[in-house]
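Everything below concerns the one structure shown next.
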């Protein structure tokens, strides 16, 4: 399929802290959170990462609230504390260069499937961005130290869409736009799967060859265009996110 | 049934570009989209069509963003690119003079039924506007060229409410107001059908003769009145759509 | 149970036209409508009635849009036309002095149950305001003339919460506040019933003697307090409704 | 697990009346109410309690509307009347020093489960804040006097998350922030339980030892952080709540 030319963009260059603050609010707008739970990390060039602070809701975070952490999750700069579950992120970043962005929270339908011990099924074309990259981590009792984080990273392997039983979801991507697009798509995939099961039907996945063909197409231009439009609309309504 | 006199109207004459931009935002407001996906085309008097640009969300589009395309989907005027899937539209316009407006996206309940391989059922009187005009296209792997578009138009035949398996929906109509009204009604028909199935019941359709009698009544005045009110409320909140 | 003293009220006296315009917007806010469908009539002292005009959405109507009709549904004063289905109202007002307010539309869960041929069940205490006043009208093909309206009024009998198969709902009450409160409660009763059925359970109604005891209590003070608060919040946001 | 440092707080000291008015609006925002139903009481140092007035919706209440009651539910100060069902609160406060805050209303999923005679199940980690503290009160016909209140308190025992058959829910906590957090979590637990049942599955609870380990962790810092963020966002939009 022909690659479309980029759209209007956002008319300015954002810092990583600004992009992360925007991502948190965009994901909150699509319901990708349970109250104040959840954290998103973005790998930084120094081997560390940026992270939202503990104790601030995703929909109210500003760029100046974002923390800079080292590779072990220790705070380098930032006014607020970091989540004690930061090892969920540090060890996944250490293990996976492609997972530059790690999103974790408890969106409703992902959480529902996770509590039912059901895997999301690729019944819709857009879900195929997760082809061969879905994992279900069955035993999960909290990530309290480095060892827990290492164990979790091993369970996750190469997956980018992960359900944690009785807990929530993780989505990974190489960039912030792709992470936002994939997180939104993951929750919709979980809802489609749940609703199919609730109707007493077995979800019928798209055939494997079609899934494999769709995956690279879906990763090409759509995540950036998704992001640009979401940013434009967010900045129109809540420009203080950049401060 | 007596035909009611028109209501207050909208107090101004809109260009087709303005009407199309309004239609996209009205449909976004009723949830008729998945993120930035989807396109709506309106046949123009020169044999071409107007189309929303790739890379702009339906809820942020303005009249000046609308593209003018020729009959083959090539851009005549416009600042932005067109979707690579434009052949879904060009070949349907070529085949069907009545389908002056072609709406395509992935609204939730239509997408859910399409992924379950279920047809929407006319269990509610307003659904009868689609009487004898529903199609389910079972094999669908993307519309990447003219041949794909021609094949799809053949599968669609004379239908105006179409589900694309594992993908989404198409609604057609002779006018923009009717296309908006029918698209809204189609998604509601899909939701009613899904919820009936989810309760373990077989949807009981309205009898064929009643459906046939209701269809012309539903097409008479309601679409224009739906449109006028939706426009009045949209322009009150988002007047920039016309720019 | 002790009767509580009235709350703060609304601080002004509204005309019937103003009250009806407010009722339409309040019901639209709780989702009690399908697009621009539906009509609410309020009996007037001259034996006629007030009615919302055809072609204006419930959420945009103003007091000056309200029509005054005679007992046969002919327009006495008003800028816009009346629904051709006005006989649904005229003959019910003629038959039932207690039904001074008649609300009709297609709220989602009522419409869903009506399409499934299921009656709403009183599984929640507040539903008992409809005790012994629920009807399901099984054969319904549109109300196009006085004879249709008379037939429908006969089918309805003394009911105040009515489902019309494959169509929608009617709620009646002696006052506008009670009609709004009952309509809201009716839709919630339908949703509770549907969700119970969707879980594969038989709805378990509150016992008959408890229902009968609750009904007069629910009609006492709650409708007026519901109305006053709904009006206060509506006028804060949309004061133009009174114009 | 390490205890995180507190976040930014709310930058001012609120009175109990202000906190209670905020709590009512926060709970209304998350859908924890049926119309104008429901009441929240907060024990006061004089052995009495603060309570929202009868006849004002939760989303419109202000600090100056809050009533001060004595231990028997009689009004000490306040412009409006108290609910006749106040004995639901007075006798629970009398019996339970830990239940300094008592929240009662009819949130949708709690009400649905209560009408289906189903207990909420702890299928998600956050639900474990209710471990060993869930009660289902099976026979319930209204709380009209002290005897009814005493009977109800006996049925509730040490529970902090209670379903009342065919009626609604009660949540108790020692502080206003914890009461808000627990109420939100209780409704989500009920929704997860219902959706699991609706899919024809038996809810699989987290094992007892894991539940017991999670419970104190969930009560530590999260309720205060939930509250602080919810207050910050509420005061940004609706500062008049404090007046």
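Chains: A, B, C and D, in written order; residue numbering restarts at 1 for each.
Going forward, a contact is a pair of C-beta atoms (placed from the backbone, for glycine too) under 8 Å apart; a residue touches a chain by one contact, two chains touch by 3 or more.
Being a predicted model, the structure only gives us computed values, none of them experimental.
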If you apply the touch rule, which chains end up adjacent to both subunit C and subunit D? none
Compared with subunit B, which chain's mean CA position is the farthest off? D
How would you label the subunit A and subunit B contact, same or different, if same means the shared numbers make up over half of all numbers there? different
Rounded to the nearest Å, the gap separating the Cα centres of subunit B and subunit D is 45
Go ahead and note the Å separation of the Cα centroids belonging to subunit B and subunit C. 32
On subunit D, where are the residues touching two or more other chains? 198, 200
Based on the touch definition given at the start, go ahead and assign the chain network to line, ring, star, complete or other. ring
Mind pulling up the subunit D residues that touch subunit A in the complex? 1-8, 123-126, 181, 184, 188, 191-192, 195-196, 198-201, 203-204, 206, 210, 213-214, 221-222, 225-226, 228-230, 232-233
Residues on subunit A engaged by subunit D in the complex (per definition of touch): 34-37, 53-57, 59-60, 79-85, 106, 108, 111-112, 115-117, 141-142, 144, 166-167, 194, 197-198, 200
